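Same chain, two partners: subunit A is paired with subunit B first, then with subunit C.
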Partner chain A sequence: MRSARGAALLRHLILGGFSAVIAMPLLWVLRVSLTDKATAYRLPPEIGEIGLQNYVEVFTAFDFTRWFGNSVTVAVLATLVSLPAAAMMAYAAARFRTGGWPLMLGVLASQMIPPIVLVLPMFLVFTTLVPVPGLVAITIAHVAINLPFMAWIMASFFDADTRMLEEAARCDGATRWQAFTRITVPVAMPGIIAAGLLGFILSWNEFLYALLLGNHSSQTLAVGLASLETHAGVNIAPLAAATLLALAPVLLLLPFLQTYLVKGLSLGALK
Partner chain B sequence: MASIELRSVSRIFGAGAQAIRAVDRIDLRVEDGEFMIFLGPSGCGKSTTLRMIAGLEPVSEGELLIDGVRVNDIDPAERDLAIVFQNYALYPHMSVRKNMAFGLKLRGMAEAEIGSRIARVAETLGVEALLDRRPAQLSGGQRQRVALGRALVREPRAFLLDEPLSNLDAKLRSVMRTELIKLHRTLGTTMIHVTHDQVEAMTMGTRICIMRGGEIVQVGRPQDVYREPVDTFVAGFLATPPMNLLPARLDVADGALRLRIEGQEIALPLASRPGWARHAGRDVILGLRPEDLHEAPVGAATAALDCTIETVEALGPETILTLRLGRDGTELAARLPPEGDWRIGAALRLHADTSKLHLFDPETTRSIPGN
Partner chain C sequence: MERRDRRFGWMLSAPGLLLLGAVVLFPIVWAGLTSFFDYTLLMPGYDSFVGIGNYRMAAGQGEFLHSAWITLLFVVAVVAIQFVIGMVVALALNDARRGKSVYYLILLCPLLINPVVVGLMWRMILHPTLGIVNWLLGTVGIAPVNWLGAPDMAFWTVVLVDIWHQVSFMVVLLLAGLSALPTEPYEAARCDGATAFQRFWHITLPLMRPVIIVTLLIRMIFAIKTYDIIYIMTRGGPGVATDLISYFIYRRAFVSLDLGQACAMAVMLLVVIAGMTAMLWRAMRQVGE
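Now for the complex of A and B:
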């Protein structure tokens, strides 16, 4: 009995330790966002007077609304463009072995190239060859990163089970396209949504491309927040508030992501 | 309603040295309104053949005709055949009703007509109460009915059934077997039914097509295939226990055919099987169905075989004995009436009905015709 309880205690200590490592910075940011600059730097940490003044300042003193708007625009557009394309690519690869293993290996390899290697050629393309507005350039870049990533995730959703359903639909009189849109896509929808959410979050948090391909007016949240750290010193308290606001959409999406990812992964259990 | 014809049809998977001929130049004509059974061991190409007919698998060589029209390159959607898969392949995101309506909607049928067809089929199959459920909320047997219903509402030119009963328990399977036979009788639509269950094969079809290794071994009415198997494979495949196959030597002496089987002899008049005389002086395989062995001589044409009882299986209406020829010779089975006092290890003299004997050539495994 005693040793069982001891083991449980040990387990919780270890888990608690890891949780703390993840939670502490977030809690720290939360604390800072609710205090003023002077209290924020005090050690040991103090709570001091709590208020929402930093959250108000985020909207009045910075371009927060525009950054937020830019991020939403880029992430939504990039996801809307890449998701259907990625679904069709994954379908083609799964169903017809289009491109064979080199394609899927290439897709995987593209995820392993350090972004900095790609960003310079892209910068040249978008500044000299096809000059486009900053937001468009960032969106295109995000499509380029997200599409293979999403296709890679989705390839496994178009497996033997959906194939058999499609065959049934084809014999029922459906064209290949009808079978794809009316059977395969709805059946794989949880997985497709999960891939879309992952892509959205990836795009939302993306920094390097957004920084180098954009200009002042096309700053996304990730870039805008980073800029706060340099101009006129670090305005730590409003920065913390802005960071939490930037995180909010991702935090809101996470429960959905989890649900759909689990459903997507259990697609095989059609019976 | 359709006739289906395969002319030297092959399906080759892969290419070059690794190419597999899953179906090897088969010729078959399924007549309009026929209930054809594809029977054979696992991997013999039954499903592949069915899928080629459905259009889900390309025809690598040869010609496939439906109602006399070459359909090699016709899309499955346009063949107007309905297929029922072993795992049913119901659309999981649609209700039973929508599953059934799917194919009709694609054909642009009016809602009212769709509704009445579904109602009719649902009643036939007894699934009215399930129409608004999702496939996940159905039992295996119910899914099977819905899958069948989805095919029935289409009123297709032919039904292709790929082991639709194999996931059901024994009782449900025999119920569905009867229902399928009835359905075929009322609809009169061409059906091809894939199975490796020989009871299904014997009872359901108007003809059986027995396959092995991508080839057709024999096609015929169930009783004909049973009575006249063309080779030892068919003889050994149909029925449980299958035909006994005993190594023997054939001689002709004094106007009689003499079969010597491990020291015992069966004699029969030469006139009864003149064709066998050509194999005199050679080794043969003697084929003898378990039900053609009796405890007492039946009629004039019998020959005694001394055996030793090895196992006794009392099945109720009959008893299956596994025996050894002589004391410890080749194994054979006998199907006897249920009453009898059989002890394991005891000697038993059985009487073979010599009018029911088969001979096979041990080299080619083909049947040796008696006349």
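Now for the complex of A and C:
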């Protein structure tokens, strides 16, 4: 009994220490974001006055609203384009074995391609052959990340048996398309939404394509924040506030995603 | 299967396939094409075909080989350390009764954080004179560390930051594998008086093998792609101490303006990734049995 208690204590020491290392930097940035500019730099740390002035300043001192808007636009558009195409492809692969294993291997490989490989030709095409606005170019590039990821994840959702329901619908005279849209899609909706949210996060956090394919007016949050680094005289207090605001949407999604996150991270290999 | 089923399947797949062709396949072909030309941003154009010249040049270049070597070191270091920490935490979490969901929620956070934000955050924290870490070290009598300014240190700093950012990936996946293990072998081993370490070594590790391989391969492939934290934290420096391959290719293309050579290097990188993807594909089939 004694050793069991010792083991439990050891476990909580490990987990507590680990959680602290994970959480401390985030809490520190939170603390910096709430202090006034001078106090933010002072060591040893002083409590000073706690307030939200940095969060207000973010919107006036930086182009924050535009960055945020651009990030939302790109992530929503890329997800809306990718999700239906990926869902149909995943369903076809799961139900009719369309394309067989070569197609699935292609989808897996597409997710693994380093962005630096695709961004070079995309840059060439978008600067010489088909000039498109920055936001469009970034959206197109994000489809290259989102689409294969979503298709891969969803293929395992459709393996689950809605087959019987579909067959029943077919017997009642529904077409294949009707069986898919009216039976399968509603049943699989939670998974489809989760895949969409995960894709949204991928796009939201993407940096390289947004940096190289866009211009000044199409800066996303990641690019905008990165540019602050090079400006002289940026105060860490507003910078901390800006970084936390950039995290907020994604962290707010976390509770909805928890059950699907393992599947997403392991690319469907684990449940 | 009916012919009409098959046709319906292809009709459903068509939009996705067309998109994939346009945004993935076409760019790869274009990069491959460009890699055979002397294409620079100063003199853009496909009029001087150089065959495998760009590949020859790249392979014989000290800087490129250095970058490849640094990338290999980086990948091995982050993946190995993340695996060890990840396994310890996953084992502890798997057996934990109280507080499990709280720990889990905390460790998920870094995984969702934008790498740019991670880089900015750590720059702030590790600032040589204004950062909290050096101040904390000072309170226990340790001299301030030049985290990003000294070549050797900068490499390990980037490794540390990547570990902070991605170690939870290992925890989450290994934990998923651990919680799916059967309980019978453990009961039998307990009856035979096996120690905790023996149980881990002779039961857990062999049973977890497929999961471990998948987890390591995914993490390695993603570690090779590391770009964002380098851009934010070190720009490949000091000197070329943290010049990981993605950043190196980026510099070759957009600082040296040599797109042809950058494309050749990108194609070589792609071949490596393709090989690892093939291994991952086989490993994933084993997990699914």
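As a working rule, the second predicted complex is superposed on the first by the 241 of 271 C-alpha atoms of A that agree within 3 Å, B and C clash if a C-alpha of one lies under 4 Å from a C-alpha of the other, contacts with A are read in each partner's own complex, and residues count from 1 in each chain.
Keep in mind that, in the parts below, a residue touches a chain if its C-beta (ideal position, glycine included) is under 8 Å from a C-beta of that chain, and two chains touch if they have at least 3 such contacts.
Keep in mind the model is a prediction, meaning the values are calculated, not measured.
Superimposing the complexes on subunit A yields a three-chain arrangement in which subunit B and subunit C fit side by side. Look at A:Arg170: by the touch rule set out above, it reaches subunit B but stays clear of subunit C.
Of the two partners subunit B and subunit C, it is C that touches the larger number of subunit A residues. When both complexes are overlaid on chain A, the residue A:Leu9 reaches neither subunit B nor subunit C. When the shared chain is aligned, subunit B comes close enough to touch A:Val187, but subunit C does not. By the touch criterion defined above, A:Ala248 lies against neither subunit B nor subunit C after alignment on the C-alpha atoms of chain A. In the superposed model, A:Leu52 makes contact with neither subunit B nor subunit C.
Remark: least CA distance from subunit B to subunit C after fitting both complexes onto chain A is 5 Å. Looking at subunit A, you'll find residues 270-271 touch subunit B in one structure and subunit C in the other.
Listing the residues of subunit A that touch subunit C in their complex gives 7-8, 10-12, 14-15, 18-19, 21-23, 25-26, 28-29, 32, 41, 43-45, 81-82, 84-86, 88-89, 91-93, 95-99, 103, 105-110, 112-118, 120-125, 128, 140-141, 143-144, 147-148, 151, 176-177, 180, 201, 204-205, 207-208, 211-212, 221-222, 225-226, 228-229, 236, 239-240, 243, 246-247, 250-251, 253-254, 258, 261-262, 265-267, 269-271.
Of all the residues in subunit B, the ones that touch subunit A in their complex are 54-56, 75-83, 85, 87, 89-93, 102-103, 106-107, 135-136, 150, 154. Interface residues of subunit A, counted against subunit B in their complex, comprise 164-165, 167-175, 178, 182-183, 186-187, 189, 270-271. The touching residues of subunit C, when paired with subunit A in their complex, are 1, 4-6, 8-10, 12-13, 15-17, 19-20, 23-24, 26-28, 30-31, 34, 44, 85, 88-89, 92-93, 95-97, 99, 102-103, 105-117, 120-125, 130, 132, 135, 164, 168-169, 172-173, 176-177, 180, 196, 211, 214-215, 218, 221, 224-225, 227-228, 231-232, 245-246, 249-250, 253-254, 259, 262-263, 266-267, 269-270, 273-274, 276-277, 280-281, 284, 287-288.
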